[in-house]
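Shared chain: subunit A. Partners: subunit B in the first complex, subunit C in the second.
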Partner chain A sequence: MIKADVRLDAKGLSCPMPIVKTKKAMNNLVDGQILEVQATDKGSKADLPAWSESVGHQYIGVAEENGVLFHYLRKCSDDTVVEKIHEQIISIEEMEKGIGNGALILDVREEAEYAFGHIDGAKSIPMGELASRMEELNKDQDIYVICRTGKRSDLAAQKLAKAGFTKVYNVLPGMTDWQGDLTKSI
Partner chain B sequence: MSNRVAIIASNGNLFDAYKVFNIATAAAASDKEVGVFFTFEGLNLIHKQGMHTLPMPEGKESMAEGFAKANVPSIPELVDMAQELGVKFIACQMTMDVMGLTKEDFVDGIEVGGAVTFLEFAKDAAPALTF
Partner chain C sequence: MAVNKWSAGYVARKVIENQELFILDVRNRDAFEDWKIDGHKFEYLNIPYFELLDGVEEILPKIPSDQDILVVCAKEGSSLMVAEMLSEAGRDAAYLEGGMKSWSMHLEPIKIGDLTDGGEVYQFVRLGKGCLSYMVISGEEAAVIDAVRFTDVFLNFAKEKNVTIKHVLDTHLHADHISGGRQIAAATGAKYYLSPKDAEEAVYDYEPLDDGLIVQVGSLKLEVGALYSPGHTIGSTSFVVDNKYLLTGDILFIDSIGRPDLAGLAEDWVDDLRETLYQRYRELAEDLIVLPAHFMIIDELNEDGTVAKCLGDLFAENHGLNIEDETEFRSVVTENLPPQPNAYQQIRQVNMGKLTPDQDEQTEMEIGPNRCAVR
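Let's turn to the complex of A and B:
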């Protein structure tokens, strides 16, 4: 089961109820949290991505199990562009070269985002778990921190730098520009 | 891009009601500002008693079973939901006069106005829909 901050049961409901319920549930999430919407309405496959696009949230993906659709959405209400602070940055192309030389890609997006598509071999540590899982990382290895748009990875890179990691690079812009294959873990 | 959706509801059977309220609630849930102008038979859709007994279109009575099976919400439920999501209901004064109806005959929280009231709301709307 994919980790979600809030799970919404919209099973058995027909259009427009899954959307109306999703809208209400989303109001109670804070920015960056994951909402799982369980629906049996087949129209939700088209409607929830369209709704997310329209109101500006991130639609992550859908998984189907025993006739139930599990949709994953991430709340994005704060679109303010924050200046990137971590100075060591690399492009997607440079990152690809580095992988062959033993560098680690650290994916700091939420578990659901990682599950629906990540770069093969990337290690998943969601931003919120980084502080408690830092010992899983090696200070001698080049670490390429990636998220969706470079915002969370900037924060993560700063956090690692403060903890004494020196070979930390923020990958810009992020998964939004990744053209290669995506590995799924669902 | 306009953030307004303007809807004219001018027919009074159950299908018309679903068309109006499904689009209205979906739009409101997508952060649109929604206004519905109820005129002629469309007034049935927000009539306190009328909205509970909206007729199926002639010849389509057999679809009642399909409605029950698909678990679609009732019209009064959709009316509540639309209002809760901030959909503005405007009842047509002229039609009310013709039919001898007053504001008290309708669900709470509606506005009563003439065509200009609606046009003022609809002038910046995209899309504007008629049912």
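Let's turn to the complex of A and C:
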């Protein structure tokens, strides 16, 4: 089961109720949190992504199991561009070169985002779990930190640098510009 | 203000009678682009319902106050919500009962004309999908051709007309909609006819529909004659009814011709299509009235809502019948074809009897416009 901060049961409800309920539920989420919407209305497959786009939330994906659709959305209301602080940055192209030389791609997006599409071989540690899972990382290895747009990876890179990691690079702009294959784990 | 519920049949009359109507379609933009309720004098505004959750104030200036307003969505729920919001904002509005789903299913029977000895031909216009089915009545009997899956409509119509359905025929193995032919035959004990060339993979029994076969309807033996006319499928067969009407199936439409690619054999079937349209049909009487199995655009409807035109007129006006050069013809019917109909491969499987989806699944497969033609 994919991790979500809030689950919404909209099973058995027909249009427009799944969206009406999703909208309400989203209001109670904090920015960056994941909402799972369980629905049986097939129309939700087209409408939830379109609604998300119209209001600026990130629609992550949908998985179907026993006739139930599990949609994953990430709340995005704060679109302010924050200046990237971590100084060591690399581009997607440079990152690709580095993979062959033993570097690690560290994907700090939420589990659901990772599940619906990540770079093959990337290690998943969501931003919120980084502090408690740092010992899984090797200080001698080059670490390329990636997220969707470079914002969370910047924070993660700063955190790692403070903890004494020196070979940490923020991949910019992030998964939004990744043109290669995506691996799914759903 | 009032919120009214309109049935698909009520909206169908507005299409046929060329009335004015303002449609607020609250489905997704893609869905609207793909398929909508077409009317000669209809105006449209497409705003997805989920952009109206906070209110309709912003769109009020775009909605005329001197016209009927119909709110349309996929299944009904969202259109009711938006119609109620409009009503609260002081506007009269109607919503479509059952949404586009019921629009897709509605059949409107319209009389085409009289036949010898008091016989009649009826066309069943499925406005939402562009499908056309037929009933030929003579005496106490009827033949049904290219029936869609809403078999009750045909059974009830026969009951109303006090006739027994004795023959059920399909011009070909359909790829864009599910045939109701076998169900009607099963319900009435009628014979179901299909071309053996189209039925090779079919898993049910049928009467072979061969070139030259003549089906007689009623005690006065009104004739429905089979004319082999391949090209859309390898088994496509036309019917000449009472030497007056030519039922062309998906080979020839009013403003377009059939496409040869829905069974994956475009290249193989181009020559057949060419021969049917440029030789076999040319040998027929030009005063036959062509009755196709589809219309593609609302402009193909006559004033009375029927889809019918004299063969001679089509020879003069239909672009697909006027491509002299064979190479050009080949490229027109094999290149730059419109997208294939929704779930067409599955629909073919259903019509072969290999898949037996439930009603909801059938509705899902048939959603969207038909795309059987090349213009």
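Convention: the second predicted complex is superposed on the first by the 186 of 186 C-alpha atoms of A that agree within 3 Å, B and C clash if a C-alpha of one lies under 4 Å from a C-alpha of the other, contacts with A are read in each partner's own complex, and residues count from 1 in each chain.
Note that a contact is a pair of C-beta atoms (placed from the backbone, for glycine too) under 8 Å apart; a residue touches a chain by one contact, two chains touch by 3 or more.
Here the structure is a predicted model, which is why all the values come from computation and not from measurement.
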Checklist entry - So, on subunit A, is it clash or fit between subunit B and subunit C? => result clash
Next on the checklist: By the touch definition at the top of the document, which applies to A:97: first (subunit B), second (subunit C), both, or neither?
Outcome noted: neither
Item to check | subunit B versus subunit C as contact partner of A:42, first or second or both or neither | outcome: second
Item to check | Which of subunit B and subunit C A:184 touches, first, second, both or neither | outcome: neither
Next on the checklist: Quick check for you: in the superposed arrangement, does A:12 touch first (subunit B), second (subunit C), both or neither?
Outcome noted: first
Next on the checklist: Touch test for A:3: subunit B only (first), subunit C only (second), both, or neither?
Outcome noted: neither
Checklist outcome for this item: Interface residues of subunit A shared by subunit B and subunit C, listed 14-17, 19-20, 23, 47, 51, 54
Checklist outcome for this item: Listed in rising order, the residues of subunit C that touch subunit A in the complex are 28-31, 48-51, 53, 73-75, 77-78, 81, 364
Checklist outcome for this item: Per the touch rule, the subunit B residues reaching subunit A in their complex are 22, 25-26, 29-31, 70-73, 81, 85
Checklist entry - What residues of subunit A sit close enough to touch subunit C in their complex? => result 14-17, 19-20, 23, 42-43, 46-47, 50-51, 54
Checklist entry - Across the complex, what residues on subunit A touch subunit B? => result 12-17, 19-20, 22-23, 47, 51, 54-55
